[in-house]
Amino acid sequence: MRYLPKSDSERCEMLASMGLRSTEDLFSHLPEELRMKRPLDIPPGQSEYEIIEYFRERAAENANGYACFLGAGVYQHFRPVIVDSLISRGEFLTAYTPYQPEISQGTLTSIFEFQTMICQLTGMEVANASMYDGSTALPEAVMMACRVTGRLRAVVARTVHPEYREVHRTYARYQGLPVVEAPYDRETGLLNLKRLEKLVDEDTAAVVVQNPNFFGCIEAVREAAAIAHSRGALLVVMFTEAVSLGILEPPVDADIVAGELQSFAISPSYGGPYAGVLAAKEKYIRQMPGRLAGETKDQNGNRAYCLTLATREQHIRREKATSNICTNQALIALMATVYMSVFGKQGLRELAEQNLAKAHYLAGELEKRGARPRFAAPFFNEFVVDCGGRRAPSVNRRLLKNRIVGGLELKRFYPELRNCLLLCATETTRREEMDRLAEHF
Amino acid sequence: MYPEDYRYTKEHEWIQVDGEIGTVGITFHAQKELGDIVYVELPKVGSKVSALKTMGSVESVKAVSDLFAPVSGEVVEVNAELNAQPEKLNQDPHGAAWLVKVRLANPRELDELLTAAAYRAHVGAETA
Amino acid sequence: MIRKVRSHINQNEPLLFERSSPGKKAYQLPPLDVPAVDAATALGAGNARREIEGFPEVSEVEVIRHFTRLSTWNYAIDLGVYPLGSCTMKYNPRVNEYVARIDGLAQAHPYLPEQLAQGAMRIQATLEQMLAEITGMHAVTLQPAAGAHGELTGILLARALLESRGNAREKVLIPDSAHGTNPATAALAGYRVESLASNAEGMVDVAELERRVDESVAALMVTNPNTLGIFERDIARVAEVLHSRGALLYMDGANMNALVGVARPGDFGVDVMHLNLHKTFSTPHGGGGPGGGPVAVRRELEPFLPLPRVVSDNGALRYSYDRPQSIGRVRAFYGNFGVLVRALAYILAHGGEGLRNATGDAVLNANYVRKHLEGCYTLPYPAPSLHECVFSDERQASQGVRTGDIAKRLIDYGFHPYTVSFPLIVHGALMIEPTETEDKRELDALIDALRSIAEEAASNPELVRTAPHDTRVARVDEVTAARKPIVRWKPGR
């Protein structure tokens, strides 16, 4: 087997030096009744060519050559080629967690840069080295708010990604943390602030809002912050479309920002791996979960980076840790770091402007065909369309026949929006594709 | 090393009583075991503490140690200097780096604590 | 004598923000083929951003130079062995990287209609089957993103089963040799944690367990082989004790590299366990993640698995959400799919016999290192080691040299350190796991280095205590980093 670098003669030499005859001797101490009595029922090892063929066949069984208008938390964006050129270097790809700073300055320096850029992007003061993804960053943010405020209750806008809310419910249930959902306004598609005001009380640790929200609409974050803060609760602002921060005011009124970085050079890859963000005001730093890289000096006065405030984490504080997270998403965060340095200050802006233009063009073309936007609020690169006289599933069926994957049918998450589709257009969506979608809608 | 008029806990805290106010800190032995102290988490002024229950923690780079209140009572003062300069705990644990001052709820609890001699013996036994 | 490495000049490199200069560009977008839209008009004037303050502007050449230079400051598996115990730092096969990037897989949106995602679903179903076979368990979920996430999922599954029987119970028992994620996980699942002292052989104390397991105990979380690399030979009895009192046996699968093809947790009484794809199944660590933490369960626990589940319907695959007893979702979508692809590629490359041979080599390598270091380092537990061995720094400590110092000196010899000071039940531990993907030459170099350092500890302890000497940065001031944390760059610093 080509990944096992020892020859049989090497094995013999090693065994001889140990006074053993066979590798089997090393297992003889295991209780006989617990050992496998048969080989593993797994087909024989394959060559590289066969493995590639296997996965090519699986890939061919997925959508190929379809125009795709799905967003809903996972977005198609250009991936600069140099992202893979750089992160595929063995020194990044096959490196361990940087617990030994003297031989991990590459990883640590890039984490420090990542943390900085996340702060710049989100308007927060500190950011950790990544969470698993946006969906798990949400419960982590809420639990952090609970630690900070000493309260238990969370009020979560129904316009936060439905699967994120489901994940949060799983975590919250077993921690004994009450969760209340705040409804949205049927006209605007935005969190209903009047209702929010009634729901937030002195037991509320966190108010959670997503911007742009799941419908693609721009929320009134400042007003939500005022409501939260007036009762002593923290405001958690989530995001799923990182590109929006190229053109949207960052949520500086938030206490904690959590979200998903998949838009930044992370392939959709059927749902993962992605990289979650957790950022906050500086005063909350000791309540933050996850790894933090900090700047310091070595004993010769050279600038150096190391993991810091480790006492928050599981390997030291064990059952009193801020989280149980150990392995995070370092390599994926590095993809985002390279991406952010490629696009930079001007590029992210231009990228966001293109997204805005494409989605608004699409909305306009659909409106001409009688499919109006469902909500009145401004949107970034996705929006909800009411199929009107046509039924949403049959619209999508017709589109599929024309090799177009249409929008997400919302009835699976919002039964009251049963005839609506959530459509997304990004800088990768071509005008010709949008015209075709409108034609066959 | 260990002032005679202080009383000590097995968990390496000390208390010096003046009237109904007790000043609390950690011992020389404790800070030595912890190494360079980087952070101290203390109860807020006005909060209640209970004898031999945790009231906060002390951190070094690689370890966290719980702080145990020697007596029950109400926290009337907290040493604000330790926030910016936790290293003072390594420098002067029995003096300038006191942690909190507590109004004693039950002075009889002092009888349960160790004298300087008993504490010295306890430390000797631990490090033997 | 240091034979494996020699000094070499490597480039300095500032931070991106220090390189940044207005007007530099590394990107070019295609021209807009639709009319431009004014941001303030479309979004509302108060919502439009002016600029991302402080965000860098660099050119493409600078991006390449920057990250390439940074990479040269790292150690990596591609450079040499990582003898880190319980981390299983094995070779990351490159074909895995290639197949994960095949367009039909890498571009697949998780909300594709099921009939257009059959390939992705088949990969998931196949991997579930193979992991079930390897662990001897009944069903597998691929949702958890990492080991700790898998642990949480597993304990929640245990809790859900106990709740369905009428009593979730209150506490989880955890051996004092356990990894820190174990107690942290139990707390997250709403349980109190109680520590179980190991016996004199470093294993679970069965008599103590019998005294402690009652109706308030939900589960015991065990690692097998344990964090000393020693097989818990009474594991079947441990399972019996727990089961007889209605409690469950959770196994942390971090050390599966010692068992694949040799013994199956499902055969020795484990009810629920997690696997680490980034350990046993070769997916790359990438500086700290991503990982994959699938959870395998016994039949009774299947109804509680996170939803959705992949099910077969007349040959086609679809997702089933109709699972009333499920604990719910533990993450959005289906799992770290890209990591799952890599793990499946690893299994396909080895095949059944190959996996068994890999286990054999892993155990051979660990025992080879143990045998040749036994003379110069104290071995606190004499029981046979499987895929990792644990020494203590007792002999060297008398010279004032501790495991942390030896680890730093090992860096001068051209290696990454072993796992320092863990497990906690060994004073001054040195935990060594070479994995199977090391040849004799690399192992001999590691052994020589550690023997040489043992000599240095006796003859020149100061040299060891002040190591490393030849790295780009020397020991860093972690104390100031913790006292006055600086976790982002700011202009003017």
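Order of writing sets the chain letters: A, B and C. Residues in each chain are counted from 1.
Assume a contact is a pair of C-beta atoms (placed from the backbone, for glycine too) under 8 Å apart; a residue touches a chain by one contact, two chains touch by 3 or more.
Bear in mind the structure is a predicted one, so any value in this text is a computation, not a measurement.
Enquirer: From the C-alpha centres, identify the chain that is farthest from subunit C.
Expert: B
Enquirer: Is the C-beta contact count larger for B-C or for A-C?
Expert: A-C
Enquirer: Indicate the whole-number Å distance between the mean C-alpha point of subunit A and the mean C-alpha point of subunit B.
Expert: 44
Enquirer: Distance from the CA centroid of subunit B to that of subunit C, rounded to the nearest Å?
Expert: About 38 Å, centre to centre.
Enquirer: Where the CA atoms of subunit A average out and where those of subunit C average out, how many Å apart are those spots?
Expert: Their C-alpha centroids are separated by 20 Å.
Enquirer: Spell out, as numbers or ranges, the residues of subunit A touching 2 or more other chains.
Expert: Residues 310-311, 316-317, 320 of subunit A each touch two or more of the other chains.
Enquirer: Would you give the residues of subunit C that are in contact with at least 2 other chains, written as numbers and ranges?
Expert: Within subunit C, residues 478, 482 contact more than one other chain.
Enquirer: Touching at least two other chains at once: which residues of subunit B meet that condition?
Expert: Residue numbers touching two or more other chains: 38-39, 59-61.
Enquirer: Inside the complex, what are the residues of subunit B that reach subunit C?
Expert: 36, 38-39, 59-61, 86-87
Enquirer: Applying the document's contact rule, which stretches of subunit C touch subunit B when the two form their complex?
Expert: 478-479, 482-483
Enquirer: Note which residues of subunit A are touching subunit B in the complex, please.
Expert: The touching residues are 286, 310-311, 316-317, 320.
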